[in-house]
Amino acid sequence: MSKNPDGKQIKVGILGATGTVGQRFITLLAEHPWFTIHALGASSRSAGKPYVQAVNWKQTMPIPSIVREMIVQECRSQHFVDCAIIFSGLDADAASEIESAFRSSDLAVFSNAKNYRRDPSVPLIVPLVNDSHLSIVPQQQALHDPPLKKGFIVTNANCSTTGYVIPLRALEKAFGPIESCLVTTMQAISGAGYPGVPSLDIIDNIVPYIGGEEEKMEWETLKILGGITDGDDGRKTFDMHARHPLRVSASCNRVPVIDGHTMCVSVRFQRRPPPSPQQVREALVAYTPEAQSIGCPSVPVHAIFVHEEPDRPQPRLDRYYQDGAGVSVGRVRQCPVLDIKFVVLANNVSIGAATSSIINAELAVLKGVVKVE
Amino acid sequence: MSKNPDGKQIKVGILGATGTVGQRFITLLAEHPWFTIHALGASSRSAGKPYVQAVNWKQTMPIPSIVREMIVQECRSQHFVDCAIIFSGLDADAASEIESAFRSSDLAVFSNAKNYRRDPSVPLIVPLVNDSHLSIVPQQQALHDPPLKKGFIVTNANCSTTGYVIPLRALEKAFGPIESCLVTTMQAISGAGYPGVPSLDIIDNIVPYIGGEEEKMEWETLKILGGITDGDDGRKTFDMHARHPLRVSASCNRVPVIDGHTMCVSVRFQRRPPPSPQQVREALVAYTPEAQSIGCPSVPVHAIFVHEEPDRPQPRLDRYYQDGAGVSVGRVRQCPVLDIKFVVLANNVSIGAATSSIINAELAVLKGVVKVE
Amino acid sequence: MSKNPDGKQIKVGILGATGTVGQRFITLLAEHPWFTIHALGASSRSAGKPYVQAVNWKQTMPIPSIVREMIVQECRSQHFVDCAIIFSGLDADAASEIESAFRSSDLAVFSNAKNYRRDPSVPLIVPLVNDSHLSIVPQQQALHDPPLKKGFIVTNANCSTTGYVIPLRALEKAFGPIESCLVTTMQAISGAGYPGVPSLDIIDNIVPYIGGEEEKMEWETLKILGGITDGDDGRKTFDMHARHPLRVSASCNRVPVIDGHTMCVSVRFQRRPPPSPQQVREALVAYTPEAQSIGCPSVPVHAIFVHEEPDRPQPRLDRYYQDGAGVSVGRVRQCPVLDIKFVVLANNVSIGAATSSIINAELAVLKGVVKVE
Amino acid sequence: MSKNPDGKQIKVGILGATGTVGQRFITLLAEHPWFTIHALGASSRSAGKPYVQAVNWKQTMPIPSIVREMIVQECRSQHFVDCAIIFSGLDADAASEIESAFRSSDLAVFSNAKNYRRDPSVPLIVPLVNDSHLSIVPQQQALHDPPLKKGFIVTNANCSTTGYVIPLRALEKAFGPIESCLVTTMQAISGAGYPGVPSLDIIDNIVPYIGGEEEKMEWETLKILGGITDGDDGRKTFDMHARHPLRVSASCNRVPVIDGHTMCVSVRFQRRPPPSPQQVREALVAYTPEAQSIGCPSVPVHAIFVHEEPDRPQPRLDRYYQDGAGVSVGRVRQCPVLDIKFVVLANNVSIGAATSSIINAELAVLKGVVKVE
């Protein structure tokens, strides 16, 4: 079992613990080598009940024994003061207020909610891509009145964005800026939470629209793949990939798949001539994000697994590989309109959600951004 | 009931009558105002049996009474000499030889098979798009030794190609040449015939690959949307859209939908500035193919139905509209990478298959290409 | 087109017009030979809007033009006074109060809701089974204070009950009382309304439980298949099949099927020896309910269609036969534990819901229970 | 890690290694504490190739490294002489001849095929039910000419039979003979192998028929739950539950579920009064088959897991519990027609297939029926 820098168990809390993302946090954290689940937060309807009574458990493994009888708290910071890390699986309608209050109470929040992703002082981190953006946390803390010592908010990206920016980052690292990217998604129903998509809408059907999703993908990609600019005043700013403008066009579809977002991606590089399909395959295989090299325990062995079979990746067969912590890429080939096209599969409930938050927290611990006492 | 030019019932034969496409031909032709099913052809295994015993009927309506007890024949032209029109739903492994033999016997064959689509003297006709290509039929007849009087082969396109070239044609008619087109398909299982896709491969899954499909879409689009060039020697040649080169990039996926191919399409026009989304919507609504204006009985009222709701078209709700003889388009909007993007839905078993062959035959009757005695 | 006794168009209103059942009433009544949609009722949220704006239309055909711009009303009787018949597709939480109020306003209500099914003066009618129970309506009217002249409530049965009591009734008619019946259902998701069953609960899954459904089937069967007893005081009572006690055991399952409830049924007759499978098949084919003989326009030609193929009925292939107004039975064979077993398929959104209400109303018109002015 | 009696690795071979059941054997045996995969057999088409090239791998985990490059053999006994145990996942059309030939070569065959299940000298063993039937093996060996020392065939049951006889056995053990049993199955598509059920037949559908399945369930149940009678001549005979005749009625349906057969079961006991639902629940929980008590490494902790929630078991949530080696039971309640009814879920590809063969082999090792050198 890997050791964190201080060799201690780190207490963590989970907000939205009875929801879909909260349940995933619990299944992942119950086995975590560093983190120990210490507190669970949910709505006042659940507060005061043992977890087993509060939750409508929908995972394929039983409720971990460590949380079964744990009493659910309301999402107030006084119940979580002993937690070095807070994981938030809150719904968007609750996340703004609660996450802000927790930060103000000097708690470190790793959020899966969308609310603060566009905040200019909050990093939007896909852990296999842009953990360097953690460098903006001190500025976020300094902006608070009074300045915070330990509290901050780090967000992770939309489940669709997460999956495809990992290969895009690998390609930019190897071949320089991407100029344009056209992506069509086929997204799993679990991405909509529970109860989420009515069965009458999706069995034997495709819904070629997911509200707000295309805008999220097009915007988040720029923040994640862009860098951070140091201003003359010492202020750091997300540059939104502005030095090499990147145009992204997303078409998002809901499909009758339980877990795993499949995406058809075409890219055009600035570099002329562009890399060949074989060069692209090699660059994807070779990609090693910092989270791997510094030893985050939840990172997969293969950040990007490249399939050679012509008909892979497929969600049902490939989504659970490496516990869904990496992404699968296949069908790398030339695109007659842009340069290169390929298929990406990302497990939306793992690397697309809770797993990303957890690796982000691991990165923050290893880099000293989270202060472990 | 509409009348054909001569006001007579026209006898037709169906090859591959027991297969998936053959069953569709039968359901459509049983109610046809001009055409009367006169002969059914299938493999030697079925020959000699009443149709009801030869077929594994998979349609949601009962077997039409007119064919129930009709004796199935082998696919030899002598059994079909009384038929003015032959519809072929043959599999690719049988179509080359049989369709050629029928043509040599001076029979007019309208084929749903892929075998002759690339033949330089055989028109590849999507009836709502390029019926003008029927003009090459006399050349095809003349090339035969001895020259044919009535026999020829006309093919219709792949089910995916058919659906999206209809709006592309409408756009080229209104705004001039399209320069590039990127299309990602989500194709129904019925497109693979029966038994076709194993359920273990597609329930809760996406297969991001359909063998040969992307090449078909990329090539067929050029033949269909291109024109016919008259050479100095009087020979007609398909120009493959060469005067205004068109680049097509297709990514084809199989999805767990029974009927109806959904496609996300992005296009770039030569014209600068390109048309606005609203202009595109209007052009699609206004599109009136010749098959409508000259009165083919099987054409839909709306060649292209444009949805205004943000989440349509959807295969389960929209595929049977107008008996699947038109296409649905929705979500017309700007594409940040190319110019315009939209969603197309086409019923692959109707306009994408048998319905196209039937309208092609209606066009050929009205234009005198089929000689009705 | 068939004629009602008075040859007049009969004005009808629809309560719950924007819901799932309401949408079905509209699609069926838009083409009805006798009934004309005159008023639409829904919640106050929808009231005042044109129907097209109030509804989230989920049918595979477009909204009928007759109701598209019709203004939706609140469900108050003053808006429906011109309607000779009220069809109710109200949810259970609204039906008790509103249906009662409409009856008190002397309106004839044909309800699809469960609320009054157990009322001792309200008939629970499956139109192909026990229309004779309409005879209790005068007693229901007399019980009201003041007595009603035209107002009453007639209910139809649960969608599962409806399907299987039709063959049970045919068997009792031919062979005398059934002693016990064991039925296992595989019920379509549309039976739960919209949004209904979350897709995460049913794709690649079975839910072996539907709240209250087994009790409904076990109880409703007795009321429907039982007779009406005339008491010494002239009061009519539903006898609940008490003269020949009938034990029913139902096991209800939700399955990933859109429309069509499939049921495996085993029965034991009182008669020894029991009828043979062939006798049962013949009795099912021969069954002719009164609704057919007196000319209800919405009854199917075959009340019970008996399949000979070993693997039928199947919901996807057989549910739309006769517009779902009859039921399909197949696999009639001996049961090693009881006497006979077979499979029933009933379209839960047609004969299992709106179609039953409509035929009930047709019966009531033909029998003079509804007074048409 | 548990130890076998001799503490040695036991070499095993797999027949039909490239098929669906063969792939399951490989994934299970790759991690087995006693058994080491030593040889792989398949058709002559695959023979001579490394496994990775011969197989169309369809499991959600990658091919285990131990077999990846192993050369596939033809199914001839000379290639398997070093194997103490042969697991057969052969198709029925190949199993008769090959399994017989292997037995004649004095090899111990544990077969998943149906071919020898009805053989009066071959035991049909569900490992959590009737391992006592191994006692007939010496008789089987003696019948061979010349008599066998080590060779024999042991079969396991049909996937549907296996699941429901486990609770039936628990009930007979606690409450004495069951008199009649009515079972309706909802069976997963993986039960039909690959390619198996065409997707066009099962998406949005139920097929209320599986060829031969009902007969298998009705017959196999008697052999498994019955005992062995010692004749006057010393010959052992399967008594087919004849001392307490048991009537079984099965109705088998195919449903759109990938893995996991769900069954609705009603039983009537001989004992009057019958046990209460609570007594039944307790008996199911308490059931401890011999395979658990003697320490087979592949048995689950809970042979029968009893759910208290009203809507469980469900295949998608519960099929992988304990790696599918036990069964789940829920909804134990009174049956108005027979005595008690409940729902069983069994993972057809685990306890319903390969897992049963493996536990049977473990039992045979522990009981000395397999001779390990």
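Just a few scattered comments:
Note that the chains are named A, B, C and D in the order they appear, and that numbering of residues resets to 1 at the start of each chain.
Note that a residue touches a chain if its C-beta (ideal position, glycine included) is under 8 Å from a C-beta of that chain, and two chains touch if they have at least 3 such contacts.
Predicted model only: the values in this text are computed from it and were never measured.
Relative to chain B, the most remote chain by averaged C-alpha coordinates is D. Looking at A-C and B-C side by side, the one with more C-beta contacts is A-C. Distance between chain centres (mean CA atoms), chain B to chain C: 42 Å. Centre-to-centre separation of chain A and chain C, using mean CA positions: 49 Å. Multi-chain contact residues of chain D (touching two or more other chains) are listed as 58, 203-204, 256, 258, 316-317. Note for the complex: chain A touches chain D at residues 58-62, 203-204, 258, 316-318, 320-321. Touching chain C in their complex are the following residues of chain A: 58, 189-190, 194-204, 256, 258.
On the side of chain D, the complex with chain C involves touching residues 180-182, 184, 186, 203-209, 211, 218, 247-249, 251, 253, 255-258, 262, 264, 266, 310-317, 330-331, 335-338, 341, 343.
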